[in-house]
Structures are given as C-alpha cells and as structure tokens.
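The following pair of complexes shares a single chain, subunit A, combined with subunit B in the former and subunit C in the latter.
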Partner chain A sequence: MSEWAIEIENLHFSYGRNEILRGVNMKVPVGSIFGFLGRNGAGKTTTIKTLLGLLTPSAGSCRVLGIYPAVDPLAVRSKIGYMAEDQQMYGWMKVQEIIRWVGSFYPSWDDKLIAGLLDLLELPREGKVKTLSKGQNSRLALLLSLGHHPRLVILDDPTLGLDPIARKEFLRYVIGLLQRDGVTVFFSSHLLYEIEPVADRVAILDHGQIVKSASTDELRESVRRFIIPKSDFNADHLTGLLDLTRDSDSASLTVENCDEKKRAQIVQLAGQPIHEQGLNLDEIFEAYVIGNRGVEKKIHFHNGHVYGEEQAHA
Partner chain B sequence: MLKAIVWKEWREMRWRIAFGTILLNFVLLALLRARIANDTEVSVMVWFAGGMVLAILSAMGPFAPETTQHTWTFYLSKPVDIWKVTLVKWFIGWLGLVIPLLVSLIIFIVYPRNYPLLVTPMKDIGFEFKVFPVAIIVSTMYYTLTCSLAPRRAGEAYVGLVGVFVLVAMMLHIMFIEAMRWGKVDELGLLGWIGCSFSPLFWIALIDGPRFQFWLFFTLPIMQLSIFLTLMFLSYRNCKGSA
Partner chain C sequence: MEVFVIYIRIESSSAVPIYRQIADQIKYQIALGTLRVKQKMPSVRELAHQLAVNQNTILKVYNQLCQEKILQVDRGTGTFVAVGQQTIPISQRRQIVTKILGEAAVQAIHLGVEIREVHDLLDREYQSIKQQQLRSKQDE
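Let's look at the complex of A and B:
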C-alpha cells in the first residue's frame, strides 16, 4: 500500500474561464491529521470535490488511497468519509432514518459503532434532522461520515457557522474519534487556531496554488519574525521575505526558511541587536497569504480619491 | 441501495402525489356532477389538461428540491451512480402524474354515466379508453422534456416556468402540425420528421391520421422517451458538484 493517502499532481480546474486550481501539488501521508488551509474562495472545496470524483480536473491528476477518483469515483467514495462545509441534510428524516439511509450505501456499515457514537455525541435518535441545533447537525454529519470505518476522512470546514464552544466540542470529538486505527484525516479550514492543536502537517492554498506544505513543527521553526529598531534599511537582497512592515522608528520582517545564515544576514541588515519572535500558525498563514513580500503599498487620500502606490522595500 | 434511493424519493414525493390525486379527481368529479359537458368531453379535458398541469407539478418535484436545499453534494458524495439517482427521481416523479390519472380513470369507470355522448358525436363508445393511454403518454413526454430542459441548478419555480415555456412551444408546434394538415406529417420530409420528433404531441398526428399503423403507437413513444431520457441524463451527468 502506498505511504500516501492523497497524492495530487499539478491539478488544474476551471469553472468556465475562471481558473480555480492552478497546478496544485500535495501529498498527504497515511495516518496523519492534515490541515488544509486557505481563505474563502482559495479553492479548498474545489480540491476536495475533485478528490471525491465530484468534479473532473481540467489537467493534472489525483489519487486517493491509490485510486484515481476521475476513473473510479464510487470506489473512492466507498472508502472515505466526507463531511461538507455547512452540511445540509434532509430535514424531514429522523436521525435514525438518515443513519439507516446513509448506511444502506455502504456494505461495511457498522451499526454497533453507530449506536456507540450516538450516545457519545449525545444525539437524539427520534428527533428530526431539521430540529437539531447547528452543533448537533455537525455531530450527526461527523457520525454519518464514520459509520463505514473509512480509511480517510475528509472534513471540509466542518465547524463553519458554529459558536466557539460548539467548535471546541466538535474538535474534541474529532480528535477523540479519529486519532485511532491509523485513520487519515484531511481537515480543511480557514480558522487556523482550529487546526493548530490537531494537525501534524499543513498545506496552505492561496489563489489555487499550494504556497507552503510542511509539518506544523517545521513551519513554526522555519517561519520567524524579526523586530528591527530602525526602519530605513534595504531588504532587497533578503530571500524568503514574506512580510515587511515599517513604523517611524522600527520595522518587522517575517521570513521563511529561517536558518543561521539568514539570521546573520538580518543582523547585518539591522546593524544592531534585533528581537526574534516565533509565530503561531495563524500568523504564519497570514504571512503567506496576505504578506506583502517586501512590496509595501502606500495609500494616499487626495480630493476624495484613493491612490495606491507600490514601493519596493525603501 | 436502490431500495434506499426509492424510499427517499417516495417519501419526498408522496404528499405531492396525494395533492395531485385529490386536485385532479376533485375537478373530474365536479365536472361530471355539474354536467356542463358530456362525459367524453370531460374525460378529454381532465386527462389532457390535467395531465399537463400534473406534468409541471411533477417536474418541479424530484430534482429541484435537492438544489434549493443544497443537498446534492451530501447525496452524491455517497457511493451511488448519478444515473441511478436520476432514473429513480424521474420514475417517482412520473408516478406523480400516473397515479392521479389512474385514480381518475377508476372514478370515470365507476361513476354513474348520466350524461353520455349527447352533445358531441364520438367515433365509438370506447373512445375514452383510447384517450386515456394517449393522455398518459403525452403527459409523460411533456414531464420528461421539462425535466431534461430545466437547468440542473434550477429551483422549483424556475422548473415550473420552463414547463410553461415547453407547453407554449408544444402548442405552437401542434398548430404547425395542424397547418400542415393533420395526418400528413409523414409527408413533411426529413427535416420535418427531425423537428417533429422533439414534440411530445407529434406522434399523435401520425397515429390518429389516416395512415395509422399499430406498431407506431408503441414504437414512437418509446423512441421519443429514449431521446428525452438521454437528454435528461446528459443534463444531470455533471450536476455532481453543483450544490
């Protein structure tokens, strides 16, 4: 069996002329909890729908558990559990009915497991789906995605629309239920603090491309922020610069692939002692996605008009 | 698996079917009771006009709610073939016009005939029983054509609107057939045949004309239904990621 649960190579997808995915490359190791990060509209759901065989890519390929979804989508769907963002289910069905209905699609459906999960997730058996709260609805969707012992679970922004407590509660269930049996979890979200405590590895998707893929520890180690107590310096030759902001008397540099050589380069640039900060995943994501790459944009207001002016470094 | 798909579709459509049955048969009974037309005219009116209304109502039932309730993705992320889902949806929706029409046929048979064939002379006493299968076939074609022409992301109201447009197009087309002299459609030439074969009413002209052939009565509807179902499958083949 392959060591990768998901392999994506140069994946392209367009809705008409609108190119959503522009050559996505990504590998998800078997047994990992993989965070798939991206802003709204970055292409996360499109990537996931391609993995499920619900969309056919315009170029490139992907393999899920060794199967090409474009060739055999039913085989892929029978082996994975999927929970869509803000999952809508049939409100007229009772909880037990929807469980029975979904179970009929999977030969490996485990009623014992479901009975246990119903108690664990505190779901009413007789209630109609439309009467469930948002949190209960998410928990039911999670339960439905697990009943057939999937080897890979894909969660597409599963906590969308939940309040902070319900979100935490949901994540607790996810961690408790899925960190077992070597199940691979592919967890898509735009809420970084959600992914941080759970994920082993993350990939950041921006404008249809993976801008970074690494383990969370590696990412925290390699992306650093430096506070320099002066603002008039030239950072043109600094490689891996993700973000640069200047105040009147100080500047903040966020760089990737930070090593001793790069530190030395920054100290030399500053010409005086600098302060180094580690970043959390939220800040790292922000640096990759909205970091200015050293190109500062100054905005002027004049006679009621807004003017943007890009300045390379200083 | 098929049983589960049928169960779900039936549960979603059953009230619509019940509503259609009550509505159609209430109108039928009211017309028979009111004696504003003879029994034969009533049957033609109820089965054809009612069949058209039921066809629109039924076409609004099976596919559109998945779009408006955003449940397509949930449904199709299960290991199930889209063609099975489409076919079952089509079939259960079709029951929404067949069941009310069959109930109306039973009512028509058992209801006391107190006003038969007085106003309009008809060909023979069994005319209603020829009209009934024709009404079923015409409304089936109309229903299937509406399902296949409605955009796959359409809501219920939009499907209804498409149904009305299809009905208008059909009426214009039947006027065309009339203009070309009823019963002589087979003299239209190849282009006429191709154009006509997309109208759910076209084959009536053939079977009701002087050149009626029995095999046409069976072959043409099957051929036309195959065309419309193929159109429908093509339309829904790619609805996988649409909602």
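Let's look at the complex of A and C:
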C-alpha cells in the first residue's frame, strides 16, 4: 500500500464561472492526523466533496486510499468514514435505529464495536436524535462514521458549534479512538489553535490553493516576526516574506522558513539590533492568508477581526 | 497500579510550541519536587488523553527529556523521573538560563526595576524553590 492516504494533484473545480479550487496539491501520510485549514469559503468542503467523489474535478486528480473517487466513488465511500459539516441526521429516529439504518449500507459493519462506542461516547440508545445535545450529536456522527472500520476518517469541521469542553472531549476521542489504531484522520477546521494540539501536519488552503503544508512544529518554529527600528529599506531580495508592514520609523517583517542565513540578512537590512518574535498559530495563519507581501501600506489592517463572522462559531 | 494526574496547562495563544510547553512544565515540576526522582510518569497514551494532545507530541517530549537525562525509560515498565544530575553540557545549560534571564532583564528595564532588586528577587526565588525541593524530599 502507498504511504499516502490521500494524494491530490493540481485539483481544479469551478461552479460555473466561479473557480473554487485553483490547483490544489496535497499529500496526507498514512496514519497521520492531518489538519486542513482555511477560512470559510476557501474551498475546504469542496475539496472534501471531491475526495468523496461527490463532485467531479474540472482538472487534476485525487486518490483516496489508492482509489480514484472520480472513477469509483462507491469503493472510496465504503472504505472511509465521513462526518459532514453540521451533519444532519433524521431527528425522529432513535439512536439505535439510526445506527441500524446506517449500518445496513455497510457489509463490514461491526455491531460489537458500535456497542462499545455507545457506552464510551455516553450516548442514550433509546434517545431520539432530535433530543440530543450538540455534543451528543457530534459524538453520534463520529460513531456512525466508524462502524465499518475505516482506514481513513474525514471530519469536515466536526467541532463547529461545540462549546470548549465538548470540543476538547471530542478531540480526545479522535486521539484515543483513531490515532491509537493507526487510522488516518483528515480534519478540516478554521481554528488553528484547535488543530495544533492534535495535528501531526497541517495544510493551509487559501483562495483555492495550498499556501503552506508543513508539520505542526515546523510551521511554528519556522515563521518569525522581526521588528526593525527603521522603515526605509528595500526588502525585495528577501525570500519567504509573508508580511511587511511599515510605519514612519519602524517596520515589522514576517518571514517563513527562517534560518540563520535569513536572520543575518535581516540584521544586515536593519543595520542594527533587531527584535525577534515567535508567533502564535493564529498569527501565523493570518500571515499566510492575509499577509501583505511587500505591497506598500501604512496602516496595519490586522486588527483582531481577521475571521470576521467566523469568529461567531468559535 | 497508581494513576496520577500531572498538572500541565497548555496555553493555546502562546508563541511557544506545545511540545516545549509540556517539556518545560515537566522540568519545572521536577525542579520543584512535585515530580520526584524515580516517580513513574503517565504513559504516552494516558498523558495524550489527559491533555487532548497528539500522542506523537507526547512521545517527542518524552524522547527529548530522555535525551537530556531528565527522564529515563525502563524497558517494559515505563518512563520514570531520572536519578541524578542531568548531563547536558554546562555551556548549553548556561545558554538556556541566559535566554530566560535576557527576557527577565528586558521586563525589568521596562518596568523600572533596579538591577540590585532583580538580583534580590532572583535570590529569593532560587532559595524558595530549593527549600520546597528539600521539603518534598524530607516528606518521602
């Protein structure tokens, strides 16, 4: 078997004239927890629908567990677990009825596993789906995605709308139930701080393209910000510049893949001691998706409202 | 078997990577004596579950602390707080401390705390941690 659970090459997709995916490239290692990040509207759900074979790409290809979903969508869906964004389930069914119903689609459905999971996830067998809390609802959706022993589980913004305690609890199940057994987890979210503790690797999707893919620690350590007490310098030769903000007498530079060589270049640029900062993940995310790459702008527009309305879900 | 909870807090808005936050807090607790020599650490899975953190992150922390001889692995039985002094070279130990003191110096200058006072404060902190260490050793 391949070392990649998901391979995406130059994937394009358009709704009419509206180009959603513009050449996505991404590889998800088998057994990893992979965080797929992007703002709302970046194309996360569209990418996922393509992986499931629900949408046909206009160009490029993807393979899921070695299978092309565009060619054999049913084979893909029988092998993976999928939890949709804000998953809707029949409210009038009882928990055990919906389990039986979903299980009937899968020849390899494991009733014994499900019985254990029901207890572990503290779900009421006789409760009606519509009476479940948000947390129970997402746990039930997770359970339904696991009954057929998938080797890959795709979770589309699974913690959307959960309170912080339910969210942490959910992530615990992802680590305990899936990582332990070597299941690959592909997890989309717009919250970096949520992804960081659980993800081995992350990819950031922006305007239909992957702007960064790295191990979580690497991402953290390679993006640095420098504060320089002057603003009249030329930074054109600097590679990996994510953001440059100039003031009348100072400037801040955010760079990726920062190493000693780049640090020396920046010190030389400043001609004096500089102040270096590490960034938290939200700031790193911000630098990649709305960074101002050298275009002149006097006012810093990163004003804490980066996520706009998405913050309401947080 | 005794199961215990380690008190570790992860600051999600911090610029410090999670594995370093965890490693630093374990070191701190060993220095304070709340984690004692020869004490058994939770397994990778247990700690990952407790903190809701990727198992590989915990593995990385344990590996790093083992390399620094702060923890040690006993094959088959688990990971323990190591006996004896760490064997990190003195130059590296100084480097680590210098970095933290540098940050403290910046703060002191900004807050207008005199250097003599900083020395006194450091003395006091050092002594109080040493005393706590002693007390928890006597409790054993």
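We adopt the following convention: the second predicted complex is superposed on the first by the 288 of 314 C-alpha atoms of A that agree within 3 Å, B and C clash if a C-alpha of one lies under 4 Å from a C-alpha of the other, contacts with A are read in each partner's own complex, and residues count from 1 in each chain.
Quick note on the criterion: contacts are C-beta pairs under 8 Å (C-beta built on N, C-alpha and C of every residue); 3 or more make two chains touch, one makes a residue touch a chain.
Not measured: the values here are computed from a predicted model.
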item	value
Fit or clash between subunit C and subunit B when superposed on subunit A	fit
Touching partner for A:V102 - first (subunit B), second (subunit C), both, neither	first
Which of subunit B and subunit C A:D206 touches, first, second, both or neither	neither
First (subunit B), second (subunit C), both or neither touched by A:G278	second
Contacts of A:V198 with subunit B and subunit C, given as first, second, both or neither	second
Touched partner set for A:I33, first subunit B, second subunit C, both or neither	second
Subunit B versus subunit C as contact partner of A:A84, first or second or both or neither	first
Partner chain(s) touched by A:K168 [first = subunit B, second = subunit C, both, neither]	second
Subunit B versus subunit C as contact partner of A:L52, first or second or both or neither	first
Closest Cα approach, subunit C to subunit B, once both complexes are overlaid on chain A (Å)	27
Residues on subunit A lying within both footprints (that of subunit B and that of subunit C)	none
Touching residues (chain side subunit C, partner subunit A) in the complex	10, 12-19, 45, 48-49, 51-57, 60
Subunit B - residues contacting subunit A, complex	1, 3-4, 7-8, 11-12, 69-71, 73-74, 76-81, 240-241
Contacting residues of subunit A [partner subunit C, same complex]	33, 168-169, 171-172, 175-176, 179-180, 193, 196-200, 216-217, 220-221, 277-283
Complex contact set, residues of subunit A against subunit B	46, 49, 52-55, 74-75, 77-78, 82, 84, 87-93, 101-102, 104-106
